[in-house]
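As written, the chains take the letters A, B and C, and residue 1 is the first residue of each chain.
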C-alpha cells in the first residue's frame, strides 16, 4: 500500500503512520485494560486462594483447580456443555443463515418481518426463560403440547424429563440466537455486489451455484464473525440454562458455568469459581485461536 | 433528503448525549451521602418495595424515639450485592436477613459477635429462640427478629365440594391430593387440577428447603451434632431412606398430578399453581398468606398444621435475624436499634399492615406478644403453635449453604429417576455431606 | 427451486465490471437484489416465500403475543396462557409502575445511550486502526479485544467491583454513578471485531484515491470509510444496544443501592417477587423491550443498504 506513495513526504508520513494506529486504539485498549484485564488478572490471582474478604485470603496453591477438575459434577457438566454449546451454535448459524436468505430485501413488508423475527434478541433473557417454561408447560394446556395434541401426540414432559431437558434447552437457545446471527449475515449479504448476481444470471448458473460461488465467498467476513462468536460463547453457555432449568432435573442440563456460578454465589466459594472460570477461559481461548487459524487459512485460499 | 435525515439524526444524538451527561452528573454523589455520619446507621433488609414500606414505618418510629437516623436500603438480591460490598470491605452497619445464612456469613467473617446482655430487652426472647443464633464458636452472631414455621395451605372449598376433611397424616394427605387431581374439585369438567405444589428444583437448594419438613416428620436429619461442636452426616439412616422412598414413590413416581407438573424444575417464583387456583395444597411459609388472601382468595383456603409423618409433625422453621456488619464504631447505635426492633413496640409495628403493605415480622420473637392477637387473625395461632411446639431449624452453626445445596441436588436426582435406588443415592449424598463438613473442619 | 430464468425486461446494466462497486444509479430488477433471487411479482416463488415467512413469523414472533397478552391480563399464569388477553386491563402496568419500573427505565436509558455512543466511538477508532493500517502487534491487539468477550462476567464481577470502587491511578469511586456501568461497556470485542472484518472488505482503491488528494486520517475515517461500512455500523449499533440493555450483573455491582438499578435488574427482581403475579413481570418485559425495538427499527435501514448504495455518498 505504502509502496505506491512516492512523494517527498514519504518518510514523515511513515513515522506518523506508525504512531497513528496506536492513537486510534488507545481509548479501547485503555478501557479494556482497566475494566477487563485488571479484574481478570485479579480473578486469576484469586483462583489460587481460599477467598475470605474479611478474614484474609488464604493461599491454597492449585487446590481449587484439583478440586474443580476432580469434582464429578464438573466432569458430568463437560459433556452437556459440549453438546449444548456445539448444538446451539451450529443450529443458530444454520437457522440464522436461512432467515437472512429468506428476509433479505428492501420491501416494507420485509422490514416488518425482520423486526418481528428479531424480537427474541431484544427480550430480556429472564423473560425468555419464563416464556419458554410456559410454552413447554408439561400438560395439554401448554402451548406446544396443545399443538402436539392435534397431531395425536401426548403431552411431553419437555423440561422435567432428564432425557429431553437438554434438547429442549437447545431449541430455546437456537431460537434466541438465530435472529442475532441473521442480523450479522444480513449485513454481509448487503455488501454483496448486485452486478455479480446479474453476471451469474447471464452465465445461466443454477441457484445453488450462485449461492455457493457468489454469495458464500462474499459473506465470508460475516460468517467468520458468526463462527468466532460461536466459538467464544458456545462453551460459556450459562443464562439459557440458568433461566430455563437451573441445571436440573437431576443435573441433566448442568453446564460448566452454571456449576461455577453455584460454587461462587450459592456456596460462597469464590476461589473455586475463579478456578473453574480460568479453566473455561483457557479452553475458549484455545478454541477461538483454532477457529481463527482455520478462518485465516480459508481466507488465503 | 439525505441532509435532512442527517441533521435529524444529529439532533437525536445530541439529545441523548445531553441526557446522559446531565443525569450522570446529577446522579453521582447524591446517593446515601449521609450514611457516613456518626449518628446514622446503614441498614439493609432483603425486601421488596412492599415490605420496605413497613420497614420504613419501623425505622421512622425508631428515629423519632432515639434521634438516630437510618439510611435504609431494601435489597432484593441481597447476597450478590453483599458479596460485592464485602469485596470492598464496606459492609452495611445492620442487616436483617434469613436465619439460615448466619453460618455462611460468620464463616466469611462478615459478622460481629453479639453479647445478648448488651441488648436491652434481651430477656423477652426465649432461650430456645436465642439458642438459634449461636455460631460455631459458641458466640452469638445474630439477634432473633422474626420467626416462622411451615404450615399447610389447603383449599377448603375444594375439600367441601369433595366431602373431605383437611389431612392430618401423610396417608390422608396423599388421598386428598389424589382426589384433588382426579375428581375435578373446581367443577369445570376438565382434568386441570393438581394435588399439591412442590418447588422441587435443585436451584438454590429449593428441594432441600421443601423436603426438610418431610425429613423431620419421617424421623430423619440431614446432619446431626455430636455434642462436642462437631457434626456427622445422617442421610443414610433407615428413617431417611424410608422417608425419601415414600416421597419418591407417592408424590413423584406415583399417580399422575399428585404434584403440579414441572415440579422438578420449579422454584418458589414459578411454582404459582396455588395462586393460580389449580393446585389444592402447598406446604409453605406464612409470608404467603397476604398473597393468597388476594388470589385464590381469603375465603377459599385455610391454614392447617402440616400432616404428621411416622415420626411426628415437625416442620422446618426459619425466619430473620438482625446481624451487625463487621465494621467498628457504631456499637451503641446498633444495639439501640436492635433493642427497638425486638421490643414489643418495634415488633408490633412490624407485624401490622398499613395500607395493605406486607408485615415483616411473622411470629414475634418477643414472648410478650401473640401473633394471632396482634393481627386479630386466628390463622396465625396455627403458625405460632407450629413454630413453638413442632418445628426445627436447619442447624445454625455450620455454613449450611453447601450442605443444603448438595442435599437438594441429591433429592432432585432421586425424585427425577423413578427407577433409581434410594438407599445408594442417599449413601452417596452422605459421603458428599461428609466432604462438606470436612471442608469446614466440622466432621466428627 | 429452479434457477431463475432470464428476465426479458432490462436484462443488462451497462457499467462497472464485476468486483467493483457500482457508482451508477441502481437499475437492477428486484430479483438481483437478493441472494436467492426472490421475485417481487406473484408466482410460485413468491407464494413459497410468503408461506416460509408465515412459518418464521409463527416460530419467532408468535410467542410474543403470549407476553403481550399476559401483560394485559389480570391473572396471567402458565395454564391459562393464550394469544389473546381474556380480560384486558392496565393493572399490571400500574403495579409495575408502583414498583418503580419507570425510574429503572430512566436509569437504563441514560446508561444505554451513553454506553452505546462510547462503545461505537471506541470500536470504530480501533477497527479503523486494525483494518486499514499495518503495524507491529496487530494480531495481538485483535486477540486482546477478543479476549474481552471470553471473560465470564460472573467471575470478573467481584474483582471488577473493586476496580469500580477505586479506579487505579485516578482513584475515583464510580459506584452509584452511570459511569460505573458505561465505562466498562466501552470496550466490547465483538463490535471491534465486526467492524474490523467489514472494514477490511472495503476496496482500498477509494481510500488510496482520497489519500492522494491529501485527505487526513480523521476525515478519511469519517467521510470515506464510515459511510462504506454502514451495514456493519447498523449491526454494531443494534447488537451493542441489546447487549448493553441486557446487562444484569454489571449494573448490580456498580450500584450503591437499589435506586441505581436498571430495568433488566428490576425485571429479575420482579420475577422472584412472590407478591406480584407473572402478569406484572410480563408488563415489565413489554416496557423493557420497546427501546431495543425502536433502536432496531432506526438502524435496520443501514442493514440492507449495501456497499453499492453507500459508495455513491462517499
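Operating definition for what follows: contacts are C-beta pairs under 8 Å (C-beta built on N, C-alpha and C of every residue); 3 or more make two chains touch, one makes a residue touch a chain.
Keep in mind it's a predicted model, so treat the numbers as computed, not measured.
Undergrad: Counting only C-alpha atoms to place each centre, which chain is farthest from chain A?
TA: The most remote chain is B.
Undergrad: If you count the contact pairs for each chain pair, which pair has the most?
TA: Top-ranked chain pair by contact count is A-C.
Undergrad: Comparing chain centres built from Cα atoms against the global Cα centre, which chain wins on proximity?
TA: A
Undergrad: What is the distance in Å between the mean C-alpha positions of chain A and chain C?
TA: One centre to the other, that is 15 Å.
Undergrad: Which whole number of Å gives the spacing of the CA centres of chain A and chain B?
TA: About 36 Å, centre to centre.
Undergrad: From the C-alpha centre of chain B to that of chain C, how far is it in Å?
TA: 39
Undergrad: Can you tell me which residues of chain B touch two or more of the remaining chains?
TA: Expected reply: 80, 83, 87, 192, 262.
Undergrad: Which positions in chain A touch two or more other chains at once?
TA: 130, 133, 137, 139, 141, 265, 270
Undergrad: Quick check on chain C: which residues sit in contact with 2+ other chains?
TA: Residues 78-80, 158-159, 162, 268, 271, 278 of chain C touch two or more partner chains.
Undergrad: For the complex, which residues does chain A have touching chain B?
TA: 52-55, 73, 130, 133, 137-139, 141, 157, 159-160, 162, 165, 244-252, 262, 265-270
Undergrad: Could you pull out which chain B residues touch chain C in their complex?
TA: Touching chain C: residues 2, 13, 16-17, 19-21, 23-24, 27-29, 31-32, 48-50, 73-77, 80-81, 83-84, 87-88, 90, 192, 262, 268-269, 272-273, 275-276, 278, 287-288, 290-291, 295, 358 of chain B.
Undergrad: In their shared complex, at which residues does chain A touch chain C?
TA: Against chain C, chain A makes touches at 1, 4-5, 17-18, 20-25, 27-29, 31-32, 34-40, 42-43, 46, 99, 101-107, 111, 113-127, 130-135, 137, 139, 141-143, 175, 178-180, 183-184, 186-199, 201-202, 204-207, 210-211, 214-215, 221-222, 224-225, 228-229, 232-233, 236, 238, 257, 260-261, 264-265, 270, 273-274, 277, 280-281, 284-285, 288-289.
Undergrad: If you look only at chain C, which of its residues touch chain A in the complex?
TA: 1-4, 6-7, 11-13, 15-16, 18-22, 26, 28, 30, 32-38, 40, 49, 52-53, 56-57, 59-61, 63-64, 66-67, 78-81, 121-123, 125-126, 128-130, 133-135, 138, 141, 143-152, 154-156, 158-160, 162-163, 167-168, 183-184, 186-187, 190, 192-194, 197-198, 200-201, 204, 208, 211, 217, 231-232, 234-235, 238-239, 242, 245-246, 248, 264, 267-268, 271, 278, 281-282, 285, 288-289, 292-293, 296-297, 300, 303-308
Undergrad: Please output the residues of chain B touching chain A within their complex, sorted ascending.
TA: Per the touch definition, chain B meets chain A at residues 79-80, 83, 86-87, 89, 104, 107-110, 192, 201-205, 261-265, 267, 270, 326, 399, 401-402, 405, 409, 412-413, 415-417.
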